[in-house]
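This report concerns only the one structure given below.
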């Protein structure tokens, strides 16, 4: 083959190779997303640096990353050593230089993505191959090291999603629940005074409290917590503060801009966010970070993690962030803001048509509450919500997933803790039944249009047969 | 296309479809392993049952399993909802019937695989998408529920691998170390009396002890623990007992047959084993099980797991077990026994040639110790082991991975706990330096031959330049 | 797993399955393109109907579609029997019902795609796993059956691309070249009188001529042939007529609408078009069709094809057409029209800046000629075009592929036939040097912008160093 | 990541890279087959050298290898330019340096594979992306250039497989059939005298004959042709000689060792062999070669091929040969010899049990004839074979593919040529009905065992219901 052609081709390979060099030196999201070919070429190159992929390796240890199934080997790009060592989940593995590089780069890329999403002055980000709940458990276990031995309670600002409750209990703490209060419209807001009272009075002082757990994302009518006020209170009280920023990364305007003043002006020990909910990867990872002035809990999580872990969630994030690039990531964030406004407008139209209304929750930038009061009234005597919750099943059977019908008066016990008015994040939420829907990252205006059409049809059918059937809440979200 | 040909083809499709029906009804390993096509066809069918793959789904929740990258979606077969719900890591997800089926089937298949490997009378098996260390932490957290509030200590039979230490400390326990003793040859064995003394005297009684942790696999000269004797003691003392069966599944003759009498005749709360080390999948999963008479801790682990988790390690195991089938799995187990004997014989030959010897450890069926005393003597004054540990680096740079050189007198501190004689699982192991090698599942006689050749060459080179260089222990295993 | 969830999942599978039923019953492009998952699920299902994929097949023939490499098996979705039987390239294979269905469906889908692109009243379409040139050869061989034994000549309307010349010669014919003429602007048009003279005078009558070969796509300044006039002449003269519609499918307005009147009002024996150039698949296939009143040559091609052939080009087209759907295909066609107009406008602007002009060729809807006369004048004495052709190399080394610089006065001999003024499709094209560029299907306005930028930079650099170097025409197209 | 680990990893990459360098310098099969990872890494690297994969390419030609479907792009590793240019099917493409290298390397690797299989002193091998039949047509077209214009006939040694007949007719030749004769046992052998008579008498001399076509593989009772004797005769007569070595490569002992003396001592213009039948790739390619003293026809095929072609069959072969390596290829050849002997022995046993016998055909090393005379006698009056041919359908419906039942007295017309006694390669084959089975490359002894079991069951069932049904020959091979 003529040398001119080959040289042109080799230059092309070199240009592609330059992508990697740039990545390694800049250590942040590439401006434009990489194409799939470049991503796979990079992973193949990194995988070749793991000892199980050395051509002439002889493994005589008890864990040599032998993979029996070709299908499995292939789907993991022959990366089989996992991440971490017993000393540190972010540590390098001698046998797996390539996997180790992927871990390091992913942590750097995700830190950059968080920064772009508004999280200024953050310390290092740590991606864990554990979903949000388990990551909260680990964080709560790690925080023990910095609290007195007596600190066996966690003060939690109620937000009705089981995972956080389980996370606290699994870590061996006693859960102290603080209810939100209503200040504006239908919105349930942070009751900072109640938090302070819980620490000082209920728990008997900061020495008995490991930390306060707040949330910056959740179902309407719950607002994002006022994490700045809580952070200041925690600093004052000298008590830990963990923020569950589950899917808050995707909302620049609200969630992210409250985090920065929180750790600048108050105390924040760790912020935990989901990878699947924010970065559109399969379930399985979370990111822990904090302000750069207070990184010891994140470090302790890293060091306390016992042993190795799957690389899969890290690799998914690595691939995704490279594929998005900075421009793609910014666009996704911007698009979400637009779709949220669109969904709000469209749902308000449907609500008006159906004699319902949207709940007024200005401080929740993702989830929207839609009243079902008029529909419930049509059911007459049904006070316990069984029938109205069937509305969720109707939506689910119409292939609408993700709505969550909340009927008043449900009592729920989780790990021995009892909650009244479960679903509304409040023991005595004054409004009637409603459902929530979210404009999460990746939702399109087309999704909204199809949702509204199905919603109208569900209203129509529900009214038609409301007294004929009883059913479960197939569409309920947890 | 003529109907005769199509009908022949359709019958073929039906025969393939029957594989699934058989799997669902028999709920155990297929006799013969499935071919890759059948496996992928099954996964595609199951994935199509998850709501994110419905053709006309509209997702308006905060977690809709949207996957941004095609590469990521593809490698996970479009399974993106993960496993578990906040209530239970093995629970069904309404949005993900397919993923839920995979989880259930995998738990059943792995239970069958354990049974085939000798684990009779076991209760349900629970696959966790967490490696062994983190799974031990979770198990130790779960056991709290069944122990008095004062039970803040864990008695651990020393086996020098950092992960277990970290797992105990991460769970918030105090670690009480029991040293092994030498009874036969070079072998370090379970000191049951010392265990009892630790519980009664050191800890001040069973009420202060959550559980005893034993191990059934580990580096020579450590023997597998006498779990039957410990199980009886735990029953007598009324204290919990967790067995770290890390890579013990692969050794039928020893590890597995000791588990059954242990839970028949004594107390065993949970047995934890690695998926990667036993089933040849990438790092990232573990299996918890127990005897069928005492399944409450395994259930509590399942229920206490907060939130969702990655399906990746479960899916890897599902694919692998279907691909192996019962015949393949039995053959792998049988082959390992053969290779272990072969490695022992071949290493003994090399040892004889080099003036060394194999450590005599009849109760360790996987790991083999090979003395480096004669080599060390050649180094003269080097008493601290720095030089001899360079032998491991030499092997690693020859593409031998997995050996572990142990020099006497190393002190190591892990999470505040200090260990003398680190590496040998004993504060005062009488023998000189040695290295270990393992005949783990998947190792071939060809591997052994290549290892022996490289080993001999390393001996030769080491002797040539022993006083010229100093290096680190690149090949050490953790 | 609860039956409600499974039933929802099964319904989802059923909806996906319905896609196939609809395809089999409608036998035309789906309105909306299929997603990749549905396409792969369909292919997997069809592949399972081929005997080599039967679970319990025993092959004892000499060709049993055994595939040695897993990589190869996988990339072909385990389809290995190819297409065709010795009797007919579109025939069913008893051993390969699935492959046979793919062939039949692809022929139907491509016929529909041609119809959408404007080809009304066409007979069946036949996809051959051969590129355009080889398909022309086969067509010319097939036409023999319907011509007298003396018909050893083919009259070809010159269009300077080697493949068609080779196709005629390889089929064993003598090539009779008819030059185009200039009527309007710079455009080279069909000289119908010359065609008639060639048949009657040069060849000595229709009995000595197998057919006339015209073209409906080609490089400017060549116009698309007036195939209606030639078709009428062929009908009158009773001589065959094959239309090389290489990449004409993509231009509805011109190429396609001339074909329909051609076969309605005159004689057309076969129309050959490329799959890669029109449908954006890898090189390797072509489609033969004709008006529905005269399908015998297409049938003869099908039947005369000796033996089997690769299914790869057919499968590529199958996947692509399902993925495009009718909407996607229409959009691609419409977008191309827009981009062509855009490219023309933008190139005219560059030409004006550089003192050049676009060739005036209204009857070529794809290719655009751009004069290099002013540039050449700057070179002074260089009359032979060597230097000016270096302009093409400069573009190629700037990663512009596909331009073709034509300098006057080149003589080229192909298979013993000599052509003067090679490149311009005319022995004595009056204009000076020029280059061509095409707005082919898939070209974007962004491509055009980047091309114009690189073009301007090439002009600048060429002028800077015009007398320093000599080079080859790396960018020339064949 | 520590530099020591990275450096170890980089060395590993370098060792893998060396594979390619070795391949490019040695230009023959690697001794040991490559693993899949190395193969895919190489292809990715080569693909990156094609202009469509340049990161910043702008395509403005009419064929820019744009690929619409990601599935298609992926399965072809983004190789989309095909092979060849209009001047030469093995020529380099300026736009596709990577594809061009693959073509060149594949031709070299396959030449080496042929040499290993016994084909000494061969000239270059040319892989065409066309199956055997179409390749024969092209070869017969190419040979015209070296024969007088009057040479319009092809003398063919009858072997009843339609493809070769179609190949001759499609190339525009008149077919002259020479029947074989019986010399030994049941075997049909080459009648060299009849060949000479056909050329001299039937055709009226060598000037009217393009070539003689012989075969070195085919269904028993046909022997491999005595190509040495025919080659000598062709040299003497000064007439072309093309050998159809369809699946003869796989039989070293017979087919291949006859080719070498044929081209050493006589005339051989071209030898054509199938890629799928010999190298276990999907249908779609063939290899043309010849003795190194007479390579002009192969060259002419290369040069006469009009335009481009699919790279798929070439790439399949490239992947497969790299994956096999020399050792794997030799082993496949050796194993086939063993399985052939095994099949012969096992079938003889079944024949004895069923009152049948194997046809005595010592000069056919692949295909075995098994008499059905006793079975047919049981049918009584059935003289036309309709009933006995149903035996083939019974085998097919038992998932036995590839057997071919031949009943006496079938008349078949192909392209106007009529054959009596079709199937047996002889107008008046004296024996009764029989079927053939083949021990082709890749067949295993397990296949043979399963075949014999199914065969016995078919005998049993046939006898049971012989007079009840009539059916077609679904299992017949073409």
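Labels A, B, C and D are assigned to the chains in the order they are written; within every chain, residues are numbered from 1.
One rule holds in what follows: a residue touches a chain if its C-beta (ideal position, glycine included) is under 8 Å from a C-beta of that chain, and two chains touch if they have at least 3 such contacts.
These numbers come from a predicted model, not from an experiment.
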Same-interface partner of A-C, chosen from the options A-B, B-D or B-C, over half of the pairs matching: B-D
Furthest chain, CA centroid comparison against chain C: B
Centre-of-Cα separation between chain D and chain C, whole angstrom: 30
Interchain centroid distance [CA atoms averaged], chain B/chain D, Å: 50
Interchain centroid distance [CA atoms averaged], chain A/chain D, Å: 59
Per-residue overlap in chain D, given as positions that touch at least 2 other chains: 4-5, 8, 36, 40, 51, 54, 56, 70, 94, 396, 474
Contact footprint of chain A on chain D as seen in their complex: 1-2, 4-6, 8-10, 12-13, 15-16, 19, 35-38, 40-41, 44-45, 47-51, 53-56, 70, 78, 92-94, 97-98, 100-101, 104
Contact set on chain A toward chain B in their complex: 36, 39-40, 51, 54, 56-72, 75-77, 79-83, 85-87, 94-95, 129-134, 136-138, 141, 144, 161-167, 169-172, 217, 246-247, 274, 276-277, 279-285, 304-313, 316, 319-320, 323-324, 332, 343, 366-367, 396, 399-404, 415, 437-443, 447-448, 450-451, 454, 474-478
Complex interface listing, chain D residues touching chain B: 4-5, 8, 70, 396-397, 472, 474
